[in-house]
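Read the structure below first, then the notes.
To keep things simple, chains are lettered A, B, C, D and E as they appear, and every chain counts its residues starting from 1.
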Amino acid sequence: MLFSNTEDYEEFSKGIWRDNPVFVQVLGMCPMLAVTNSAVNAVAMGGATLFVLVGSSFLVSLLKGWIPKQVRISCFIIIIATFVTIADYTLLALIPTVHKELGAFIPLIVANCMILGRQEAFASKSTPRLAVMDALGMSSGFMVALLALGAVREIFGTGTLFGIELFGPAWEPWVIMILPPGGFLTLGLILLVFNWMSQRKAMFLERVAEAEGSSQ
Amino acid sequence: MDSLGGIFIGSLLINNFVLTYFLGICPFLGVSNNLLTSFRLGLATTFVMLVTALCAWVLNTYLLIYAPYLQLISYIVVIASTVQFIEMAIKKLSPALFRALGIFLPLITTNCSILGLAIFSFNRGYGFLEGMVYALGAGLGFTIAMVLLAGLREETELSDVPALIQGTAMNLIIAGILSMAFMGFAGLFSSTV
Amino acid sequence: MNSKDPDLLLQTAPFLRQGMTTPSAMMDVIIALAPATLAALWYFGNSAVLVISASIAGAVLTEMAFVPRQRRRMILMDGSGLLTGLLLGLTLPPGLPMWMAFIGGAVAIGFGKIIWGGLGNNLFNPALVGRAFLLATFPIAMTTWTAASEGFWTFRLTNFDFPFTYTEIDGLTAASPLGLMKFDQEATDVMQLFFGNTAGSLGETSSLLLILGGIYLYLRRDIDWRVPVSIVTTVLIFSGILYSIDPLIYPAPLFSVFSGGLMLGTIYMATDPVTSPTTPLGTWIFGIGIGLLVILIRVFGGMPEGVLYSILLMNAVTPLIDRFTQPRIFGHQRSKKT
Amino acid sequence: MSDIIGSDRQQRSPESGGEKPPEQDEPRPIKLVMTLALGGLISGLGIVGVYEATLSTITEYRAQELRAAVFKVLPGVTQMQELAQESDQLVAVVNEEGEESRDNTIYGGYDEERNFVGYAIPGEGPGFQDTIKLLYGYLPTANKVVGMEVLQSRETPGLGDKIYKDLVFVGAFSDLPIEPTIEVVKKGRKVSDNQVDAITGATISSRAVVKIINDTNSTWLENLPTPGNEPPMQDNNSEAENVIQ
Amino acid sequence: MNPFNLLSKSFQNGVHPQHLKAQTQDLPIQRVPFGSLFVMPLNQHIGVPCKPVVEKNQRLRRGELIATAGGFVSTALHSPVTGRVKEIGEFRAYDGNFSQSIQIEADPYATQQTEVGTPIDWSSMTTDDFIKAVQQAGIVGMGGAAFPAHVKFSIPDGCNIRYLLINGAECEPYLTNDHRLMLEQPLRLLRGAEIVRQKLGAEEVVIGVELNKPDAIAALNQHIQPGDPVRVVGLEAKYPQGAEKMIISTIFKREVPAGQLPRDVEVNVSNVSTIVAIADYFDYGMPLIERIVTVSGPGVSYPANLMVPLGTTVRDVLQFCGGLKDETKEVIMGGPMMGRPIASLDAPVVKGCSGILAFTEDLVQTRTEYPCIRCGRCLEACPYFLNPARLARLSRARMFEEMEDYAIMDCVECGCCSYACPSSIPIVQLIRTGKDQLRNTKAKQK
């Protein structure tokens, strides 16, 4: 079993919905928007981010006693940059076509404020086990967001999903979806839907609480 | 190779860093609620971009041809220390300017448009002058996008934007419309009329 | 004398009001557009009806769907949704599939108006947001022009496309005057542009009728004369300068003014009070900015037409213009800038 | 994001920016510098390790990609080598492993008998949205362009990207005399051999491609040796291991 | 002089409401019969309320002092009738609020003849004495604001008055009281002007009259002798031409700097009725106990220009005019642009009441309010070049601090913006809210 106790599960699951890095914390928007013109790219970017985040979180939480406070940000950045470089070369060697699509946005993972934010806010203050759980949760949440955006953009923008044609050859692609404005607009709409769902959930919980209160 | 004017217009308008490359989105969404702040942050970013372009050129010429694998790490270290140095220098030289800009400088470190600039500039094989022009265009383009969004956002504060969409969702959609408008610049001065 | 006092109300001053109201202004614009709309029917036949109705339907239905029930009646009555749909319809090419026009109308109202909080709060012209969206989404369909004067009952099969069908456009395509100018340096006769027997979007072919509508709006005090005057003057001067440099490459000033969507955009979209500056000085800056951008994009840019983007860009600048052109307040030395 | 930065700053500023300039007076500056240096060293080692491990794959992939492109634009070619202009002469260049191609190079294509066939010339220039990079094959004997491949572009999907997706347009470059220059004409108005039909709706992109080829021709053609005097195929250059059709 | 000044006798911006003066402009001033009960609020003027000097049941002569000034920015009050103090206490004033008032019961057997007193020798008075005399006469600015006149006349050292500007613009629609006054008593006006001119040491008297009153201009010009330091200037009929700073801007092409007074540009502005009241006081010893009121509006059966003793209830005045029509929905005091609605017909006519207007439904119905479409008409209307649309939006968003940046305090609530607004937005009310809020926060800070 992956989660041996509830604490692990808690740290993991919070990143997916409640503290979702994209929908709730609005972090890591640059790769979020830049590489999501297809679902494959989104998955690749999500995977690379997961690798970097988990790796650096683990290392940071291991070394947290050794890093002087004054230079911790620099240390974090060096650690992250190392992992990013590793991810960059690995992707280039293993799946060059995807690397070509993602281009300069792999190195830019360094500047993804979500990663630095997790080191500062969580990994540098907790045990390696929890840090990895948190990193896994956050990057899964990031992946979910990337995939949602990438899938919507790819389906409308090219009529395919993971390269599989969905609507037949006569589908008129919505070109804007794979252009920059489409990224902004789609993410805006997804956030809108997310807000709406959160609101509905809150209202539902309220009503449940109310019903419980009145029944007693 | 593009002309200098083409590079400038390209990075300023056609391939605006924020609106078509999605670089610097975090400050673009986070700090753009005030016009003056956005303007200052934009100018500070432009300045850091110019300095970074200079440093990146030095690195490209003297270090990276021998050790290309150090590209990312050297860039990021250079950017972080540049920002730190600039912060200290401003603090010493002009306390007033420091008060005005101080809080933005650390923000710039995590602004991916700076790193993006260095990497893009390298990928395009720009030399010194081209790199500087590219940085200037990118920085001013970032400033333009910031200031436009800030102006629009300040205006929306007075409107009855539906509660569901307020905040990031709204800003993203405004950015999307801005980005659509900037599509009008595509091909500017590059067409063979 | 009455035996008893009337129940007195306590409304506050002022008690007199100028005659015009917002819905009447919207109606005026629709009336002013009527001749151009009829001309679209005349030149493009049933396609005009189909495309314009689809875009109006998209706009009005979206408005209905997202507005709270209690405000629905009032919002429908103000006519702004209808106007947005009509304006958008007039900027579309006649052969556009109806479903695209419908989506355009929906986007125009959705992204152009509702998310901003409804009429008066939007910062971009809704019709133009819709058109920009369509242009970026369906670039081919949106730039495929068919010739005018095909007769009312000439059906354009592409009108009846649905998302999953695709009709090859048969031999009807024709280049718009601006496209001819940009890519082949073939100027179209100005008189032809003026009366409108050219290929192009539904409502932008006849400058004459658009100007007539504009004069009507001016007389009704519905539009600010500064906007069209400053745009047209800037376009004339700027393209005049270019033309005098090299008349073979650059379009003639009158051609620039009467071709494409300039008249439609200038008179009916740039003057949209909601999205243009409120201060007189700001209005001049706004108009000059649009004029410069139009020529910049048309002549030096990648697209034959730039009116749409020029107005959208200046819409984006409008809050800044407004802010920095606040009039000097009476009795103050300078404008009290914040 | 801002709250992270804010908290970071709050904690950092009292100690007054201790992280970068080591010469500044700090409580224990030596330790800080040591930590950073150690961190840098470890990360450097990690990076170099990965770099070394992946280098050969990456280089090979790049070379293969280049070869594929060259063979595509020069039909009938099975071997290639890099050529560069050095002191008014075109000479073959040998690259070390991992070294990038230099700017000023073109590629010579040779058939199986190591006879010279034609040049593959890279060119770049502004397109509709961004710089277009392409490679085209040129036969000096026939003075023709015989193939064109777009290597990199960000043209509008659905319109501008037809410069590499539209087979008719790409095919127009498979047998194209370049005398005096290549011209773009409206679709269906082609009257002479050196003209190319523009893509409907993407006139600017079509023109950009042709302009890049014309411009590149004007810089290269006069510097090329007379036909027959091309540099011979070097032995130690990488040969085509597998012919790509 | 700039030739263009002759052509455009007006300030910038402003609005052109219908004049609506035809109903009353040709009706001579009539005297209202005395009613039985008079209410004299102690705060008929801006400033400190005055202090009563009479007791309950005390018998009063018409014109007798009943309250003295409560401070410098305050003025005296005189009994409008011969009668008896019925009550001193809180009475509901016209706006519905309670205010300290003296209620006077008229003596039904008195003739109520004004006893012409001895002329006061003003020429030998010092300026200070003159100012005190004006204060004792209870004279306030009668254009509507009711600002004590003597305060305006007291010029601090270093200030110098070159022009006495007499405001006969009467830009509010419906109102014709000043018009009739100038037409019927031009000599009284010129007499008062001469007194004030001399006492203030002004070089010239300028009488500004809107061009829609040509007969008044002619009547005045007829009595001005060549060589008199008086001239009459015709002004474009435009609202708010009669606002102090606007009429100065129109005639002298000078802007009174924000936060300063007309005297800072060497001008004193007084309403025609004020000037006539001063003439009456110094020539006949008659304090301010009555004023001319225009009764008009679609709800009034017989519109009229009336000479009304102060304190007369609106009910009595309206009764004289044939009562209200059934359709009447609202009665306001003052002009239609800046007047205040009255809550009850028992409200008395006060010193600042230039008109009583009865409105029927079509004028007072709540209009459907549409969203602001930023058409900019309010900007074109605002004579102070403010941005009313922005102020209204800020007020709606409750961003009162920001309203100060847009110079909200310069707004005089003339109502041009609301008049011009096609979306029927109550801009003036929103601005008032903002001002109140700002004043409250300031008061709290202190």
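The rule is short, and it goes like this: a contact is a pair of C-beta atoms (placed from the backbone, for glycine too) under 8 Å apart; a residue touches a chain by one contact, two chains touch by 3 or more.
Treat the numbers as computed from the prediction; the structure is a model and nothing was measured.
The set of chains in contact with subunit A as well as subunit E comprises B, C. When C-beta pairs in contact are tallied for every pair of chains, the largest tally goes to C-E. Compare each chain's C-alpha centroid with the centroid of every protein C-alpha atom shown, and the nearest one belongs to C.
Most remote from subunit A, judged by the distance between CA-atom centroids, is E.
Farthest chain from subunit B (centres taken as the mean of C-alpha atoms): E. Our note on geometry: subunit D versus subunit E, Cα centroid distance of 83 Å, whole angstroms. Look at where the CA atoms of subunit B average out and do the same for subunit E: the two points lie 60 Å apart. Distance between subunit B and subunit C, defined via averaged C-alpha coordinates, is recorded as 33 Å. Note: centroid distance subunit B to subunit D, computed from Cα atoms, is 26 Å. The set of subunit A residues that touch two or more partner chains comprises 26-27, 73-74, 78, 81-82, 85, 89, 113, 116, 175-176, 179, 181-182, 185.
Residue positions of subunit C with contacts to 2 or more other chains are 111, 118, 120-121, 133, 136, 139, 182, 302. Along subunit E, no residue makes contact with two or more other chains. Contacting chain pairs in the structure are A-B, A-C, A-D, B-C, B-D, B-E, C-D, C-E. Note for the complex: subunit C touches subunit E at residues 1-2, 5-6, 8-18, 20-25, 74, 78, 118-121, 224, 273-280, 283, 326-333, 336, 338. Residue ranges of subunit A in contact with subunit D, taken from their complex: 25-27, 66-75, 78-79, 81-82, 85-86, 89-90, 92-94, 96, 113, 116-117, 120-121, 157-158, 173, 175, 178-179.
Across the complex, subunit A meets subunit C through its residues 167-172, 174-177, 179, 181-182, 185.
Listed in rising order, the residues of subunit E touching subunit C in the complex are 15, 17-18, 96, 173, 245, 249, 255-260, 315, 318-319, 322-324, 326, 328-332, 334-345, 359, 363-364, 366-368, 370-377, 379-380, 383-387, 389-390, 402, 405-407, 410, 415, 418-424, 426, 428-429.
Interface residues of subunit D, counted against subunit C in their complex, comprise 128, 156, 158-159, 186, 198, 200-201, 203-204.
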